[in-house]
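Chains here go by letter, A, B and C, matching the order in which they are written, and residues are numbered from 1 within each.
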Amino acid sequence: MPHEARGLQARQDASRTGEPGGGLAVAFWATLKRDLVLLLRRRSEVLNPLVFFALVITLFPIGISPDPELLATIAPGLLWVAALLAALLSLDSLFRGDYDDGSLEQLLLTPQPLPLLVLAKVAVHWLLTGLPLALMAPVLGILLSLPVGSYGVLALSLALGSASLSLVGAIGAALTVGLSRGGVLLSLLVLPLYIPVLIFGAGAVQAAILGDGASAHLAILGALLALALMLAPWAIAAALRISING
Amino acid sequence: MWSFIHKLGSPRWFYAISARLMPWFWVAAALLIAVGSVWGLAFAPADYQQGNSFRIIYVHVPAAFLAQSVFVGMAVAGLVFMVWKIKVADMAAAMMAPLGAAMTFIALFSGAVWGVPTWGTWWMWDARLTSMLILLFLYLGVIALRGAFASRDSGSRAASVLAMVGVINIPIIKYSVDWWYTLHQPASFSVTSRPTMPLEMWAPLLIMVLGFYCFFIAVTLMRTRSEILRRESNKRWVRDLAVEGR
Amino acid sequence: MAFDSFQDFLAMGGHAPYVWAAWAVTAGLLGGIVLHARAERRRLLRHLQRRERRERRLADQQTTNSHPTAGHRHDA
């Protein structure tokens, strides 16, 4: 991967020669850009969770009933659970590629604080998984005859919530990246931690349908995201060090 | 203070001091559980609403308390292990996980059985039972993660990180589940949260809770001693000990 | 005493299966934990003793082989 190597080299040069104040921001943006470029080259990895999301949503009417009324009552939960599983599906590859080709070790050796660089990687994961899922959810909401007026809240709650999911999920991904069969274990570790986000995310859509106003739910989702933003990068960094050194 | 912690951290010193402490906890656990059982089963008055089925409380609540406390204990031991590199703390944490899972199972099983006479069904998505179920998954995740690593040290550190992440999440999960439950089940009667309980009812409960805690400490001490023998089996003092048969 | 007779106590006011099932599973699991912890410790000690004895015997054999007069040093 000559491109990655050059990117890393450039980043290290920037940290050495650049002014000390700009080092952190430069490292952050360099990591963000590198991951974005890399992921956009492997388009299938970005598209697969979205296809999975659409497929799972297709299964429910077939498995339960095509009755629009019934579907409308369970649509918020179904959409949220399916989006959550789709986000989970993409987590395994979050650090896997970098682990396999050794660039994760390079990342650990950089002089910049690891939590910050890891935050950039998680941000890319959210930009290419969480955000597309959130934008796609209203379309799938139509398929499940989700009541009118809740589409905006659905997209917003998923956009907010999936950022927390990416952050918390990255802890699990970092813990299992060194294991050969980490996939199932990853979901066992991560899914229980997803429950608060699921409760308030699906609750927001439900509240919007009932006309209660979803701002309280969205505020709690925001609070969860703030908490995750504060704590998760450190846990991810610690987990990566364990996976690499062990 | 520091020398005390490091002395406690030495497996040899811990092995000696725990030998002296352990019998007291065994005796206390046996006495308290015996007294609490007889009092709770035979002497405490029957509940005015639930009759004698409420006597399940004397095993359900102590187990549920312990299930949560053991997770906190595991996370604290993990923190001590990560910060001060005290191996005994990790041995204790490794021994606490299955015990905590067992307690969670007891709480779940007794709660489900209790559900038959009170709710008329084996399972209800009651707030307490739901958080217990999630806690069980968290325990299983920690146990599985520890076992998944080829090197013991990596497994220990990964399990410590996960326990700490879990312990931050437990209150969030608990409150969101409580909130979710009150939203969906407004007028249901909760089995254990009764404002006034006569002394004859809660005194045996308190005794049982204390007994369960003593039991937990005794078992953890005993199994940590075994774990010391297992991990330090090549040390001179462990070999001498084995010859003496202690 | 909340019950009039022992039969009454066993019947638990009609809730016998539930109360006794919950208590039995709890007692069984707690007892199982204690038994497992004891068995684990005994197994470990036995294993350590056996290994120690074996290694001392091996060491003795080696010393007797190389220095026939200085054998059984470890028995002292």
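Simple rule for what comes next: contacts are C-beta pairs under 8 Å (C-beta built on N, C-alpha and C of every residue); 3 or more make two chains touch, one makes a residue touch a chain.
Fair warning: this is a prediction, and the values are worked out from it, not measured in the lab.
Peer 1: Please identify which chain has its centre, taken as the mean of its CA atoms, farthest from the centre of chain B.
Peer 2: A
Peer 1: Mind having a look at which chain is the central one, using mean CA positions?
Peer 2: B
Peer 1: Centroid of chain A to centroid of chain B, CA atoms only: how many Å?
Peer 2: Spacing between the chain centres: roughly 33 Å.
Peer 1: Between chain B and chain C, what is the separation of their C-alpha centroids in Å?
Peer 2: Centres of chain B and chain C (C-alpha means) sit 21 Å apart.
Peer 1: So the centre of each chain is just the mean of its C-alpha atoms; given that, what is the distance between chain A and chain C in Å?
Peer 2: Computed from C-alpha means, the inter-chain centre distance equals 48 Å.
Peer 1: Using the touch rule from the top, collect the residues of chain A that touch chain B in their complex.
Peer 2: 168, 171, 175-176, 178-179, 181-182, 185, 188-189, 191-193, 195-196, 199-200, 203, 224, 227, 231, 235, 238-239, 242-243, 245-246
Peer 1: Could you list, by residue number, the parts of chain C that touch chain B in their complex?
Peer 2: Per the touch definition, chain C meets chain B at residues 1-3, 9, 12-15, 18-19, 21-23, 25-26, 29-30, 33-34, 37-38, 40-41, 44-45, 48-49, 51-52.
Peer 1: For a test of understanding, state which residues of chain B touch chain C in their complex under the given definition.
Peer 2: 33, 37, 41-46, 51-53, 55-56, 59-60, 63, 99, 102, 105-106, 109-110, 113-114, 116-117, 215, 219, 222-223, 225-226, 229-230, 233, 238-239, 241-243, 245-246
Peer 1: Contact residues on chain B for chain A in the complex?
Peer 2: Result: residues 82, 134, 137-138, 140-141, 144-145, 148-149, 151, 153-155, 157-158, 161-162, 164-166, 168-169, 172-173, 176-177, 179-180, 183 of chain B touch chain A.
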